[in-house]
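Let me begin by presenting the structure, written as structure tokens, before commenting on it.
Chain naming follows the written order as A, B, C and D, and within any one chain the residues start at number 1.
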Amino acid sequence: MKVGFIGLGQMGSAMATNLIKAGHDVTVYNRSRDKAEALAAEGAMVAETVAEACGGEAVFTMLAHDDALSAVVHGDGGVLASLGKGAVHISASTISVAMSERLTREHAAAGQHFVAAPVFGRPEAAAAAKLFVAAAGAPDAIQTVTPLFDAIGQRTFVLGEEPKAANLVKLSGNFLIASVIESLGEAMALVEKGGVDRHAYLDLLTSTLFNAPVYKTYGGLIADRKFKPAGFTAPLGQKDIRLALAAGEALNVPLPLASLLRDRFLNLLAHGGEELDWSAIGALAAKDAGLVE
Amino acid sequence: MKVGFIGLGQMGSAMATNLIKAGHDVTVYNRSRDKAEALAAEGAMVAETVAEACGGEAVFTMLAHDDALSAVVHGDGGVLASLGKGAVHISASTISVAMSERLTREHAAAGQHFVAAPVFGRPEAAAAAKLFVAAAGAPDAIQTVTPLFDAIGQRTFVLGEEPKAANLVKLSGNFLIASVIESLGEAMALVEKGGVDRHAYLDLLTSTLFNAPVYKTYGGLIADRKFKPAGFTAPLGQKDIRLALAAGEALNVPLPLASLLRDRFLNLLAHGGEELDWSAIGALAAKDAGLVE
Amino acid sequence: MKVGFIGLGQMGSAMATNLIKAGHDVTVYNRSRDKAEALAAEGAMVAETVAEACGGEAVFTMLAHDDALSAVVHGDGGVLASLGKGAVHISASTISVAMSERLTREHAAAGQHFVAAPVFGRPEAAAAAKLFVAAAGAPDAIQTVTPLFDAIGQRTFVLGEEPKAANLVKLSGNFLIASVIESLGEAMALVEKGGVDRHAYLDLLTSTLFNAPVYKTYGGLIADRKFKPAGFTAPLGQKDIRLALAAGEALNVPLPLASLLRDRFLNLLAHGGEELDWSAIGALAAKDAGLVE
Amino acid sequence: MKVGFIGLGQMGSAMATNLIKAGHDVTVYNRSRDKAEALAAEGAMVAETVAEACGGEAVFTMLAHDDALSAVVHGDGGVLASLGKGAVHISASTISVAMSERLTREHAAAGQHFVAAPVFGRPEAAAAAKLFVAAAGAPDAIQTVTPLFDAIGQRTFVLGEEPKAANLVKLSGNFLIASVIESLGEAMALVEKGGVDRHAYLDLLTSTLFNAPVYKTYGGLIADRKFKPAGFTAPLGQKDIRLALAAGEALNVPLPLASLLRDRFLNLLAHGGEELDWSAIGALAAKDAGLVE
């Protein structure tokens, strides 16, 4: 399939590479061109403009936040203006429910399709084509782009015809992961101050009731207190909790645990945490307990 | 090994049964005698008094809270007065760190051993001898009773020589499970109010990042809104969070997520939740969001 | 002074009336014209358009939220397009810090002045010209409009040259009031369930350490459980807490108590509280405790 | 009236002095005798034992916590064993609801009266006989000791016949004060990071809606960041919040704001705050925001 890919960060580059490997005809665009050049070696066409990446049946966007997305979608030469009739815009990054609703309306008005397809998985999973894709949108459009999802992920979940459902699920998923981080941070601070070794404790947890990768991955980072380099940065984590809270606000759903996470992220960012992995909020309970500076 | 077992609730009865099956010589005691009689059929000796259950090399206590434990340990004819020199008191239930410290001192003064060995697992796991045992105490004493642990569980983790370390780990583990319940409760309230089916959502979660039994078990209960019969009741959950907070207080460890859980349990108990499974706190986010009464 | 007044709700109408009473030449505008007509009887000129209200030395806006303000300020015939060079736009309602920053820039670019002057006080205080004005902006502009502030309030506090400082102070003030409501709600739930009469309790509090009007007013509403008619509605309270949190987010200031208030408001709104006074969040602690439905 | 006074800290010494000044015949007891000697100069008799202080119609206890109170009340030569039939034990310090219930039973069984009469006010108010007394107990007993209350306070509130009601009200009152501290701490962190001067801000607040002494006193301490010497220490504040939470737990009343305060106190104590005034929790929001170390 002829497909565009806009946004070549750690995740996007890996996903675009897997699309190429699967035999698709991929045109990539990135604001800083060097990341696009790197993919040329893999077989990608490099677009000079957003519009050039919109000439196929579908275009992915994988951009860090709503503003970055809006910058490539709206305006002259943007995705909305450039995509053909019947083509599909696949938004694979974590965006707000409100933006998803807006793009659904706008693409429909332009005779195009909008599919929200945020992915679960860290950069390693993206590289291994082991992402999970949470997709929602018109059934026809979903069907058209399913081969693309197959190329980047290990399984696709279809969550209905309303694109925003997928965005909500993605936000809630990141909220759940951040909750794991917070709970592990508090538990480790408690047992450590009580004399138990953090790593032995984590081994017990992940050998028994909590033998999921998310506990192993984040528990290990917290036990090691090693938050660099970041797989997913604190500002991105903060953004996702903000969007989950905003979605809750629009629906009148109180989310006290998400509120706690919000304050943890702000605390982290107020102390120079911009470059850290988001799991660094898991060290704040230890800080509050006087275990670390 | 000749061993006593005091406290024959759902968990205790299953554990005592597995000790018998493993060939140990088990004398059981329960305040209401009928539960002890039921084990006679499995091959247990039935003690008329606590003291009669204390004649072997070790005695288990599996009682719902500190007060119940103290009632059988202290006073004339209690465990402390009845256990032989060098014998081991194994406390397998979830008790306070403070009580563990007290029993450690008292048994040492009486020439006996105290081993804290709380277990992880719900009644089904207890019945299947699949518990996880978190044990701490003097190495000799631990070694003596290891065959008993092997009879009731699938793996034993030794957490050091201070019995209280095991109690702290157990409390923190229950805190982690309750955190999973709360986080799932909030996430499901959010996506459900946004139009996503609760069961489809849970399927996605547990097929991807959260494929641990704890998410499947509790997520299922929350998605089904089925909190009876209780595998572990709300008052027991509330007690454990209280003890985790008390341990945190003694160590000056703030635990904001545990504080949230505390308030959830009090809310539940203020609305007649005594008989419900502790996962019923996972419905309170939906209640706050106006999704359920 | 020749002055316009846009936004004639309960507060705005009272403020405009006091400007007229003080001898100013007031032109009023309101989207639904009937409220403007009512002021004609007091001596106001009634504008047909926003632009007609912008012909004097200053124009007040007293609108419920950022969107309503933007609707009258931006676009053809808006305040920005209509106000004369050197004239002052006084924003007296509670708006976001971000909007204040935007208007500061835009008015400066148009050769106009922007003064943020949110007011403290409920409708009774507005009617009695007893408001407190928290003003910030360029010293010259503040000086020009001081007679207007004198006409509507009992005292003006000047908070510097950056208009947004006044907005931040206003938001923080509403946060403090909402905190009083929450704390009284929790305290009353506790003592009431312990057998103490709510009104006797409030009498003790407000006769001793808490003899400020804010405790009397809101404590009375909570003790009476009388939240209609609203002096300040729950959606407005929710908005202000949202804006305080947003300001905190922009500055990386965690605000856990504000987060709690946020969730209280969402809970209230999820249960049909749109028409209630914002102090109705003070009944939620009693609801959580099972004292009220 | 012949009256004993046990517990001569800052508050107790001032109260005993005022009883002497009012013409009562006061016998004082303190564990470290030097504080008692200091009162001899004011006209007090100095007791060598607790029992010697229990020879009159009434005896006050003003001790820092339940354990200290129990140490003088229970056992040989304690208040219970020493007080005459019909005499009144007035507990004026902040104790737990559970201890109040216990003493009510025990004194009744001994043919004595128990009156809970905790006081509101800092040491300056105690010295000036300007305390507020929150009293509860049998009407006869209250009537008997009312002249004593008149000597130490400016007003007495009678809260019913159940002594524990007064303890609950006292705990809730300290919770309300701590809530003021927290709310001011968050508000000041927010406006300060937004460029507003803390002292100017406090002046605005306390000149307008928050003109109560509690805002002036604690707001001043927070704005000055001056938490030594302590008028009321952080460990005492932590104790009172703990007792309020325990009372809430016994009654199934969730108290999320009290939970937040609990965690603030533990954070403070984990960082060496034992000697600080309890208002030092009001600096933690600024610390979380990166404004102070």
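Basically, a contact is a pair of C-beta atoms (placed from the backbone, for glycine too) under 8 Å apart; a residue touches a chain by one contact, two chains touch by 3 or more.
Just so it is clear, the structure is predicted and the values come from calculations on it, not from any experiment.
Where the sister copies chain B and chain D meet, the same residue numbers recur on both sides for over half of the interface positions.
The chain pair with the larger count of C-beta pairs in contact, out of A-D and C-D, is C-D. Set against the Cα centre of chain B, the chain with the most distant centre is C.
Rounded to a whole number, the gap between the C-alpha centres of chain B and chain D is 38 angstrom. Each chain gets one centre point, the mean of its Cα atoms, and the points for chain A and chain D are 52 Å apart. Spacing of chain C relative to chain D, judged by their CA centroids, is 38 angstrom. Chain B has residues 248, 252-256, 260, 263, 266-267, 270, 288-290 in contact with two or more other chains.
Shown here, the protein chains touch in all possible pairs. Residues 97, 120, 132, 134, 155, 157, 159-160, 162, 164-165, 168-169, 172-173, 175-177, 179-180, 182-184, 186-187, 189-191, 193-196, 200-201, 203-205, 207-215, 244, 247-248, 251-258, 260, 285, 288-290 of chain B touch chain A in their complex. Interface of chain B with chain D (complex): residues 242, 245, 248-249, 252-256, 259-260, 262-264, 266-267, 269-270.
Of all residues in chain C, only 256, 263, 266-267, 270-271, 288-290 touch chain B in the complex they form.
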